[in-house]
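What follows are several structures.
The following pair of complexes shares a single chain, subunit A, combined with subunit B in the former and subunit C in the latter.
Up next is the complex of A and B:
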């Protein structure tokens, strides 16, 4: 799991006076009885690399198609760059899309594919040729210009499709699983390339992906979707460190959840009573009523593991090491803390594994600080 | 292993023999000297020469080819439109009825098609004065009626295989629906249009029954002439004519399959996941 460094000092979504570039207002899309998109509102700002993340069937692709105009919403409005485009057909929107299957025209060469959109704009021939050359250079596929799509590798097709969708200089580029059809190694390289490209040309990107790692690496912000609804919109860091509900916490990375009830509250320090021994103290800005059932979410790498039990530690749970998976850079420990719960934590292998003091079946203590997790109410 | 193949080869040989010996005989006897079709008496091309002097036969052949060509063209046009309606519009009023009517000629006996069309043409002539007599026009219309169904089947199969996102991509790039159809859809379904055209052409050239019902005096198609002359006793001219037709059809098939092959290369991959 790599959390992207914040690439933008500027975070327009923090600024209440900033005008969003794309505004989706209470949009619903029904297919028969199924709500593919269910009352979604969303603002995307100029120059963002915005990801819609979710498992298949969550409505993310439908939302993208609504932005492209390939489907029309059952209700709600969509604004792009200040204009209401809700009823505008796809061929009149200042938006281009890169399709998951790339959808390169098989009977045209790469060059003709890229030129197609410009022809529709009635751009003069010379200007067109210039723009095509520019795009092919940008994607470094100049030498493939005379090839047809079936003479290209997967990676080359992806570039050709990207060149075609950028050729018209769209205000907004939509990417449907842009890296989905590439193999793993190529995908990792392309992730960074795509981000660099986006920063260079400054176009607003909206991408759809089911791959959380991909979303984390590339995006300025992520919207996590499930069953047609948006569960959380935040930066990759925000989504990972401060998930707003259980679904997001479990969907992104792995997480340990402890259920309990609010026992005491002192400022933003909440004491939660669980079935796992001593009460747990967590920082939580939300106003929580006493006795309210809550879930504490702690990421595996935020937990310290030691053989020694200390009485003065704030949050401490005892357990038995049940499994150790050695992955080289880190090891994953499974610790049984109760008959029906096993927690998971990752420890960096700072020392060579041979000198590690923890082994199978050992009694251990797990510790974390009140700030290294979140309290969830649903 | 070797030995095990023998029965298979035998069956294959018999199969081919059954299919092609009659055809081979027809070709061989077209070069027969004798007037009798079944007795070989030496090589000659005189029946070809005589064929080209037989005005009636040539006129019938020319008529049939014209009918076949016009029929094929209209059948492709209408069949493609029908296939489009069925593939692209999942729900419209009367879809079920349309589909049924479109495919009915595939299973309807020729005699019934011929008879019903004859009744229609007669009624029309009495009612509105058109068609004025029966001939080229009525035969062509009758042929279009059933060829259309075959073309629709072929084009529909191809169209439903077509990746919808190709058309969506074109629209996304600013092409209006008509442009999308002309620049993307048509080129991609062109092989199906070509095979549909050839199919319709062949069906028309082949038809005896329907044409017999709806033809009039002075418009005798080739199959009708051949059938009539066979009843009088087969002339080797018919063999010569059949040989020429076969040559023509074989050439057309070769051309078509070459065209299809170069198209297939362009087809690329058709994987697509919508949602």
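Up next is the complex of A and C:
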């Protein structure tokens, strides 16, 4: 029982009585005849690290700008902390944004940049100086306070921009590709720092990213977007293990897809008939009609690949190893399972490469359990 | 860079020499040489001959080269109040015209720079279009507009705003109108060039941080367009100080401006040395603020220095 309560505190979206901090209700944003954001509804809870994930041009930035008030929705309403802010201009919203390009004021020092927002709310000078010092310390850029933005490295600029957007203690911080301009190594370190920072200050974060790994690492929940619509909102685990449709399954990580039709239902176990040999059994909580075309999605690491196969395995597809890519820790096997389908499989290299049992051209079988994947209907 | 970074390449050096040399050659021929000639005339004495000034250096024979530098012209200019008054009036007119051009030109440049992109080129064309007509003709046209029975007075009479025609032509006001009209494009173009480069997300960032649009303009747009403001002001101020045509055509006969003074000394009084001394002093008057402004700008850009 106590476990369930803890879970609710950590995952307020599981709790039907929890009041969302940000509520987006059927929001649409049109630019001419482009639907940049198309009928999006979404709730974000206090203290969340929420990510909008999608490929370039899918409307992530536009959605963020609608929250900041830099664009206004064509229809729909936006609520932040209980108040309808749909028609409130950006300078009156309790929200701050870290811009993708950082948008630091080039004629001001780091210190002046951080102070800028505090000046606007007419905070007394002493208090202002204190807050600026606090922010510079928080982001460890105290010694850069007198520098102008063009005298900073990319990483330092990112910190200055973050300090500026946090200085007013916003209720909601919006981050547009906060790590996009950093190089790979710096990005990985900064991901953890950003999460730690967010946990420490407790501000609700909404970030935009096109990098699925980044979203998986940092977020409490992820909304996967495509062409202005939200396809799925879930925790990183949920998105990865239980994608709700084919696009999400393919967008996050790699996946093997097998198409077929529902042949039989037995409780939450469905049997799917494919063109690849024996029928496949999967767990599926959805009530599926018999004969319905479905796609079975299975992550490569959930599949056992072996040459020593048995005939009584539950799910088995046979094929031939066509290609092996050795990546050090893992190898990727390309297995041809029918004249027009090749699947990819990842196996950890437990044995040294020279002692691997699988080689090119070998007859192999892929096996997995009914709980190792999902059945998708689109 | 370490001094031994790379071997010298004669071809590259030559091309650098040409690259740097050509502008210097240009300046030498078209700026320095005329300057030296004018400077030399300003130190000579007038005479009734061809050319109408004495030579500075005279070969007297027996190895004696006599050089006479006559500072009379400078002393005269500096001691006679009328020249001082002309200088002051020119500076005053230039200052207020520059200010007016800035006040009118900034909003125009801003409006063009923020207009939808398909409107920008046509709007810029409207600014540049007057250049396709001769400057002189455009100033003459103002005579037609401003004179007692001119377009402006008739229009105001017709509106019933005035009962009798205003005397605008041949006054200081006419000079201001003519100069502001003529020099406005020189203010707008550099400002426009500067303002189109302004990153609009900076204004969004300001709004996001709680800044209302007008304050964002004061705190962000205005300081970031300083280079454009300075360029525009220079382009207006410097030529207006020496402006001759507009005061001559639109101003009254008693208008005291350096440009007119120069013209009178050169052509009416045929006192080339005095006119040259005036020109040199005018140049000094313009170069000094220019240098100061540049140093100030450098200092502002790099406060550590």
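Quick note on the criterion: the second predicted complex is superposed on the first by the 369 of 378 C-alpha atoms of A that agree within 3 Å, B and C clash if a C-alpha of one lies under 4 Å from a C-alpha of the other, contacts with A are read in each partner's own complex, and residues count from 1 in each chain.
Just so we're on the same page, contacts are C-beta pairs under 8 Å (C-beta built on N, C-alpha and C of every residue); 3 or more make two chains touch, one makes a residue touch a chain.
Note that the coordinates shown come from a computational prediction; the quantities given were computed from them, not determined experimentally.
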Fit or clash between subunit C and subunit B when superposed on subunit A: clash
Partner chain in contact with A:332 - subunit B first, subunit C second, else both or neither: neither
Contacts of A:36 with subunit B and subunit C, given as first, second, both or neither: first
Partner chain(s) touched by A:358 [first = subunit B, second = subunit C, both, neither]: neither
Which superposed partner A:324 touches (first subunit B, second subunit C, both, neither): neither
Partner chain in contact with A:121 - subunit B first, subunit C second, else both or neither: both
First (subunit B), second (subunit C), both or neither touched by A:150: first
Partner chain(s) touched by A:62 [first = subunit B, second = subunit C, both, neither]: first
First (subunit B), second (subunit C), both or neither touched by A:197: neither
Which partner, subunit B or subunit C, touches more subunit A residues: B
Touching both subunit C and subunit B, counted on subunit A across the two superposed complexes: 68-70, 89-92, 95-97, 99, 101, 103-107, 116-117, 120-121, 164-165, 168
Parts of subunit A lying in touch with subunit C, wherever the complex brings them together: 68-70, 89-92, 95-97, 99, 101, 103-107, 116-117, 120-121, 164-165, 168
Complex contact set, residues of subunit C against subunit A: 199, 201-202, 204-212, 215, 219-220, 223-224
Complex contacts: residues of subunit B adjacent to subunit A: 163, 165-166, 168-176, 179, 183-184, 187-188, 265-269, 271-275
Subunit A residues touching subunit B - in the complex, by the definition given at the top: 36, 56-57, 61-62, 68-70, 89-92, 95-97, 99-101, 103-107, 116-117, 120-121, 148-150, 164-165, 168
